[in-house]
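This is the structure, below, for whatever I ask next.
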C-alpha cells in the first residue's frame, strides 16, 4: 500500500484506532497537542509530526478524533485550518462526535477546495476501539466511503453509510439517547423493586429473559451490583450527546419527552460532581430520591 | 399421574395454557363463563365443568387465568368464592396479572383455610402461551412452587421464584414498564431521525448493533415499517400494567419519571380510540405531534 | 331558626366550621370519634352526641368532614351507615375532599331513600375555616344548594354551584393541581436563579409584578426565605389531591404531564419522611438535586 | 435637557418605546433597517438617521431593541460594531431579550473602550410598551442605572436593578418559564374538567378565587373562551425564552422538569405551523391529544 495516512488527536479513542490503522501496514503520521499521547504509536512504527499542518501537508487520508464541535469546527474551518492546509485531493475523515451541522459545514468547505470529507463517528467505547470492533457510522458521499472502506475496516467491524453529511452524527445521538433512557428507566424500575423487597440479581435475570430486555441490563452486573461507577461512558459525555439529540430534535421540531428526563438526571449528577463517573452512577441519585439505603445490593 | 387439575378462565392466554397442561397427560377439568371458550380443550380430552365450583370441588391443583384484580379478588375472596369452595389441601395458582396486594390477600385467606396458593403471572404473550415458552414468575412459598413445578413446566420454559406473594406481579409490572418506556423512547428517537431525513430501516439496523439496542427494536420490522398495529400487546393492557407499576411505586414512595410519560402516551391512545391496537400504534401519535407525514416509512 | 343541624367530624377543618355554624344561632349537635375534638364546641353551646347515629337520628341537616373517600364511603354507604340512619327528609352535606365517584354513589343512595345530598368540598385551609372565608364548591341539585345556602354562608364567603355530584370535587382537584405545579415550577426557577447568583427576594418581587405571578409566590416570604416548612398544606394531603386529579384524568383519558412531575416531588418528600411538612418543603429537595447550599436565603 | 439619545431597532416593541422617550422631550435620533419602521417616530419629531453608525456617532445614550443574541452580539461586538463606533463616554442600553452571556461579553468590551453598558430587557408586551408601563429589569453597574433612570422611567413604571450583567436576562427567562408552565398546566387541568363535563367559565371563576390562581387565568377570557389565538405572546418567542432558561439551567447544573414539558408543547405547536400564534394556541393541541371536541367552549 502506498497511500499515506495521517491521524490527528490520539486520546483515549484516537490512540487505539491509530494503532489499528498502523497494524494493517499503512504508512502513518500522527499528531496530538500532548506529545505523550503519540509515544506508543510512534514506538510501534508511526512517524510523529510536529504539528497538525505537518500531517496535513503530506497525507492522502487524514483522520481526526477530537472532543466535539467546539474543537472540530475551528480545526477544519478557521483561517489556516485543515481545509486550507490539506494536500490537494486528500480525503478528510472526522471520527469525532459532533453536532450534525458541523460535518455539513466542513463538507461544503472541503468540496469548495476540491477535497473529500466523511463524517465517521464511532460507537463501542475504548474497549471497541482497542479490539477494532467499533461500529462506524458514516455520512457523506457513498463513493468517498468506498474509497476509504479498507481503512475503516481497520478500526471497526460494522461500517454503515447512513446518509449525507450530518446523518451519521444524527443516528449516533439517537442511539445514545435510547441507551441512556433505557438505563435510567431500568434503574427507576429496579429501585421500585428493591424498595418493595425484591432481589436485584433476580429481577435482572427475569427482565433479561423478558420483553423489557435491553443492553442497559449489562449495567446490573457491571456497575449496580458491584457499585462500580468508574467509566465506561462518562456522565459529562452522555450529557453532551443528549444535548446534541435535543439540538437536532428542536431543529426539526419533534417534541420529545424521555430524553429530557434523562438529561435531568445527567444534570443532577453534574451538580453532584459526578461528571467523570460512569452514567450508571445515576442509580445513586435515584436511591437518594427514594430514600433507599445505599447498601451493597 | 393421578393428580386432578382444574383450569378456570380459558381466554386468549388461558386456552393454550390449558391445552399444554392436557398434552402432558394430566386429568384436566375446565371452566369458562363463555362456553365456547372451552370447546377445543374439551375436544382434546379435557372434562368440561358446569361451574367454577364444580372445578374447585374436585381438583388437587387449580389454575386461574382472569383479566385482573377486579375479577380475581372476588373470585377467590367473596363469600362462596374459591377459597371457600376449594378441595381440602388443594393448591391454587393464579396466572393473572394483578396488583401485588391481590395475591397477598389471597394467600393469607388460603392459608387460614389450610390451602396453598401461588401467584404465577406469565410473560410471552399468546405466541409464548401456544408454544409453551412463557416465562412464569412465581411468588409465595418456594415449597409450593416445587410441588407444582412439573405443571408449570408444561406451560413455560423459564420458571422463576421471585419472592413472597406479590413479588411476581411486582417484577412483571417492572418489566412491562421497561418494555414500554424503551419502545416509546425508541419511537421518539426515530421520529427525530425520520424528520431529519434518515431512513427508518437503516436507523434500526444501526441501533440493533449498538448500545441503544433493546427488545423494542423488533417493533420496527413487525409494526412500524409495515404500519401493522394489530396486537401483539394492547394499549389498554399496557395502560393497566403501568397503572400497577405506579401503584407499587407510590406504595413504597419511589419517585419515578419515565413511566408517567409512557402512560401519557397510552392515555392519548385511549382517548383516540386505539385501546385495542398494539402499543406500537403510539408511533402514529408521535407522528401527529411532530407533523411527520404518516406515509409508509 | 328551628332547624336542627348536626356536624360529624370535628378535626382541624371541621371544628372551626362547626363553631361558625353555631355562631349563626343554629341548634347544633356534634360528634367526633375523638371526644376531645368536640369539647370547645360543646363549651360554646353545642350539644355533644354519643355517636354518629345519635346525630343522624334527629338532625334536619347533617354536615360531615372526614379525611377522604376510604372514610366517607363506608360512613354513608355501609349497612347501618348514614344513609340508613338519617332522619326522613334530611339534607346530608359532605365537606370532605374525596374522589368524584364518592358523591355520585352517595347521592344515588340518598335519593333512593328520599334524602337529599350535596358534596361541598372547601378551599382556604384552617385559616379560612376559622375566618369563615372558605370557598365552598358544591355539586348536586341546585335546589338542594338553595335550601342550605344560609348554612353554607356561615362557613364560607364564596359558594359555588359547580355542577352535578362529583363536579365540586373535580374542580377542587384541578385547582390544587394548578396550585402545586405553579409552586414546584417556581421553586425550580428560583433554584436556577439562586445558583446563577441572583437574590431570592429580588426575584420574587419582579415575578410578582410580571406575567409569571401566581398565588405560589406567597410561599417565598412565608416559607422559602424564613425556611419555615410547617403546614400550611401538608405534603401527604397534596399527594392525595394529586392522586384524585390523576384518577379523574385517567377516567376521561386526558393525557397530562405537569401533575406527574409534581407528584414525583411529593413522592420524594414522602420518601424523605417529610409528609407532615408543608408542600413548600419540596424546595429543600430541589436544593439537594441542584447541590445548592441549603443556607438561609 | 441637552443629552442626545439614540434608538436603534424600532420594531413592535422598539417603536412605541422610542415614542415614549420622545414624549419626555429628549432629542432623539432613530434608525431601523426597515425605513418604514421609523416614519411615525420621525413624524412625531425624532431625527431619522441613515445608519446605525450615524446614530452611534452622536448619541450620549443609545438604546437597542433587537430580536435576540444572534443579532445583538454582532451588532455590538463585530469589527465596525457599536462598541467601536459609539461616541466616547456613551451609555449603551440593550432592551433586547438575550442569553445572559451576551450582556456579559458586551459589558466587558464596552468597559475596555471606556463605555458604559446596561442590559435592560423589558416585560409587559406591546401593550405595556405603548402605555409606558413596562417592567424594566436591569443588569450591570448600579451607578449606570442611576445615570439613565430618568430615561428608563419614560418607558416603564417598574425599574429593577437585578444584579451584574446577565442577571436581568436571567430573571426574565425565569419569569417567562413560570408564566408558560402555569398556563400549560392550567390548560391541561381545564381539559380534564371539560372532558369530565364541567363548564370552563365556572372553573376559571373558582380557580381565580382559590390557591391555583395565577396570571395565566386571564387567558381563559381572552383566548380560550373566544378561541382567539392571535398574539399576545408568540409561540416562537416563548420557545426562544424557554431555550434561554434551559441554557442557564444547564450552565449552573440545576436539574429542571416542568419547563421541558412546556417546551415540548411549544415544539409541537411549531411543528404544527403555529409559531406565530399566541402561546394559548397550545390549548388546541391539548384538545387534540385528549380527543376533546374542539367546539367553542
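Labels A, B, C and D are assigned to the chains in the order they are written; within every chain, residues are numbered from 1.
In this section, a contact is a pair of C-beta atoms (placed from the backbone, for glycine too) under 8 Å apart; a residue touches a chain by one contact, two chains touch by 3 or more.
Since this is a predicted model, take the numbers as computed values, not measurements.
Farthest chain from subunit C, going by mean C-alpha coordinates, please.
The chain lying farthest from subunit C is A.
Determine which of the two chain pairs, B-D or B-C, is joined by the larger number of C-beta pairs in contact.
Ranking B-D and B-C by C-beta contacts puts B-C first.
If you average the Cα atoms of subunit B and of subunit C to get two centres, how far apart are those centres in Å?
Each chain reduced to its C-alpha mean, subunit B and subunit C end up 39 Å apart.
Express in whole angstrom the distance between the two chain centres, defined as the mean CA positions of subunit B and subunit D.
Subunit B and subunit D have C-alpha centres separated by 53 Å.
Taking each residue of subunit A in turn, which ones touch at least two of the other chains?
Answer for subunit A, listing residues that touch two or more other chains: 249, 253-257, 261, 264, 268, 271, 289-291.
What residues of subunit D sit close enough to touch subunit B in their complex?
Its residues touching subunit B are 268, 271-273, 285, 288-291.
Looking at the complex, which residues from subunit D come into contact with subunit A?
Against subunit A, the touching part of subunit D is residues 243, 249-250, 253-257, 260-261, 264-265, 267-268, 270-271.
Which residues of subunit C touch subunit D once you look at their complex with the stated criterion?
Where subunit C meets subunit D, its residues are 100, 123-124, 135, 137, 158, 160, 162-164, 166-167, 170-171, 174-179, 181-182, 184-186, 188-193, 195-199, 202-203, 205-207, 209-216, 233, 245, 248-249, 251-259, 261, 264, 286, 289-292.
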